[in-house]
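Below, each structure is written out as structure tokens.
Shared chain: subunit A. Partners: subunit B in the first complex, subunit C in the second.
This part shows the complex of A and B:
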């Protein structure tokens, strides 16, 4: 049985997509077939981190949701770009990305007309079967909307990414409450962009007490990741960086 | 603190999402795909309005007693409720007059005759049951009110309560029912002759034609069935649609008389209380568990939806839903209603 993992943050800019991409790469490198789907239809972006050129994208998640193609036609093998030298015939590791369309018209269409969330769920199931996935990562839109809630409803594990500020503190409480009502089996917190000098032990204690969920990583405000500027996989470029080690803990928890 | 209304909206959304990810959705999709191309039977044509139905229309909806809804196919397509209305009006009569009075006017015996037969019980002069036309006219006659407006209001309020939304009568269907309903007029006047209906029988016939022309969709039929399955309380609105003590009355006539002259075989094969209509609708009830609403206008020779029957048969078989299926050890339907078993 494939495991489905959603990453979510209440507000934008928490580093959610970067966290998803890096953890997905680490899980794939451990010898798994991994899919990453960008359900952030309103503001897609994770394809940039995987360096999937727009010109290569003929079909996107949007086309599937409009019934123009089956979901596997919107899946791109990004193993080489994200993991590197892997025998093209090897079954594992393998990493697939299902991007959302960056076309302005497509984004507008989704916003105006909406779509059947049930169909999104059917798509998740088909991906898992057709691509024989061990793990499916769902990168969601910030805030609370239908596809976010659907992603949470179907997930085995939820990673909530937040910054240590009061707006994120409040917002994350909303998501955590919804996730509990959707009966999510496991929920973990990732605190990102922690400024230097902050007492991380105290932060961890406070967050865990507030949300009744385990903090699985505390990631510092990080200049190297800013330099990678979302184009490329951080854990590949900085394999020994403390940030990479912390992300490995997240990957281990995903695979446990 | 959020108010009750926004909590309700959130509950609805959460319910909708839980249904979207539950395995039962795939089961219904599979059934829909399996029977979608069945082209046996024909669309009812005794009134021109019904003949306009597209034979391809096919919706399956299941609504659980805790308010989860599974809709597959054309579940928003409206149809005239026709005979599916009859058990619900029987329920109204019971609430308004009590069992004793109602049973003097209509029996609870299956007929084996066609739904529109002009036949009454020879000993008592009662129509055999409330689900044949004669019995349905007799129960429509029991709808109280000082004038027609008040009676129709009561009728519409009842159906709106079961469906959980305001329902309306299709005027074109009503007019053609009324202008071609000679046989029903004959039945009504025969009953008037025996004193089984009141002097305002013409008004009651109008009510009967109105009741048959109410527009619903497959989802509504499932909610109505689920309200009966849930001991009379609409599981979506949480409002009571029928007094608890009369639910068993309605369900038992549905089980024995609900499927025209296929009722006996239906009870034997499927074993669920259900009612069909010539509009192509079927409302079936799995007591304590869910309501099933199906719409497909292709009818067999007895006036039952062909695809509707097939879907009910398969659901009943697969999940052991027959009322007398004892010691069933297969997968239970309620286990499919949730992604994670409770």
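This part shows the complex of A and C:
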């Protein structure tokens, strides 16, 4: 049975998209069919990490939400670019990306008119069946909104990404509590952009005590990652980097 | 005779993985008693690079006399100065690339010890202690959202879903 994993953070720029993309690649590489959907309609971005050329995107999640196409028409097979050397006929591994439109007019339209969140939910389910997914990753817009809550309500696992600062600390507590009330079966914390020299053992202890949830990865501030993000997937390029090893821990939790 | 404390310079070879934009080292591998070093995507290589541009067995570096020679063995090719090479004697500081836009590596012969680049000054050691949650404020914010009808509906849906053992019922 397919597992649905959503990634959230209270504030923007915590590293949700990077974490989601890299973990999805690791899970796919372990021999699975994986989908990644960008529900950050306001500020889409994960397609950049997957190097999905904007010119290749004819249909996006928006078109599905407007009823212009079925959801599988907005799914792009990015296996070759993100895993490489896979027999095109092979069933596994496979990685599909469902991007949101980057058209500014389109973004404005959907924000103004809104859309049926139930339709988004149907879309998640259709993706799982039509693409025969083993895992579906949902990347989200920061903060709490309808999509956030919906994705938590239907997820098997939740990854909360936060930075070690007091604003993220407070905001994450709200999301974690809401997720508990939605009876999320498993919730994990990823602490990102940890400055050098910070005592990670102490940090882990503090965060786990505060949220009563497991910290699955503590990722350092890494000044190369922004550049790498626009030229491929970090874990592919730097397989032995401590950051990659930490992301593997997250992938293991997702698959366990 | 006792083994030398440091292997001789000629035998100590270093491969740096470069950040392609800046040329600084992201990772380095040091080999002191090797005559052959293999590079590729397979886990059994001495240097493993799991990039789609890298072949399973991409290249082999062989020590001959006092030189290291690179042999490109993979189908994605190896480039030096933007030119494909099948065999090349490596001079210290030579940069080579695995695949046309894959990872860049620099060959070096070195005896220096690695050093830490970060300074540990200016770190706010009280930062962790200051991380705290204002419980009252949290409760207030959570209640505000949880009172919403939409939230109640989602709660109901998620309860059914968890009860039915995973698969979401088709919403109507």
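Everything below uses one rule, namely that the second predicted complex is superposed on the first by the 253 of 256 C-alpha atoms of A that agree within 3 Å, B and C clash if a C-alpha of one lies under 4 Å from a C-alpha of the other, contacts with A are read in each partner's own complex, and residues count from 1 in each chain.
Rule of thumb we're sticking to: a contact is a pair of C-beta atoms (placed from the backbone, for glycine too) under 8 Å apart; a residue touches a chain by one contact, two chains touch by 3 or more.
Keep in mind the model is a prediction, meaning the values are calculated, not measured.
Once the complexes are laid over each other on subunit A, subunit B and subunit C cannot both fit and instead clash. By the touch criterion defined above, A:15 lies against neither subunit B nor subunit C after alignment on the C-alpha atoms of chain A.
Counting the residues of subunit A touched by each of subunit B and subunit C gives the higher count for C. Of the two partner chains, neither subunit B nor subunit C is touched by A:99. In the superposition on chain A, A:164 makes contact with subunit C only, while subunit B stays out of contact range. In the superposition on chain A, no contact is made by A:45 with either subunit B or subunit C.
Once the two complexes are laid over each other on the shared chain, residue contacts for A:237 go to subunit C alone; subunit B is not touched. In the overlay built on the shared chain, the residue A:35 is in contact with neither subunit B nor subunit C. The superposed model places subunit B right into subunit C at 153-161; the other stretches listed in 9-17, 63-71, 117-125 or 153-161 stay free of clashes. Common to the subunit B and subunit C interfaces on subunit A are residues 117-118, 121-122, 125, 146, 149-150, 153-154, 178, 181-183, 185. The touching residues of subunit C, when paired with subunit A in their complex, are 17, 19-22, 26-27, 41, 48-53, 56, 101, 103, 118, 120, 123, 125, 127-128, 130-134, 137-138, 141-142, 145-146, 150-151, 154-155, 157-159, 161-162, 166-168, 170-171.
Interface residues of subunit A, counted against subunit C in their complex, comprise 1, 80-85, 117-118, 121-122, 124-125, 144, 146, 149-150, 152-154, 156, 164-166, 169-170, 173-174, 177-178, 181-183, 185, 195-199, 202-203, 206-207, 210, 224, 227-228, 231-232, 235-241. Interface residues of subunit B facing subunit A in the complex, by the touch rule stated above, are 13-14, 16-21, 25-26, 29, 339-340.
The part of subunit A that touches subunit B in the complex is made up of residues 117-118, 120-122, 125, 146, 149-150, 153-154, 178, 181-183, 185.
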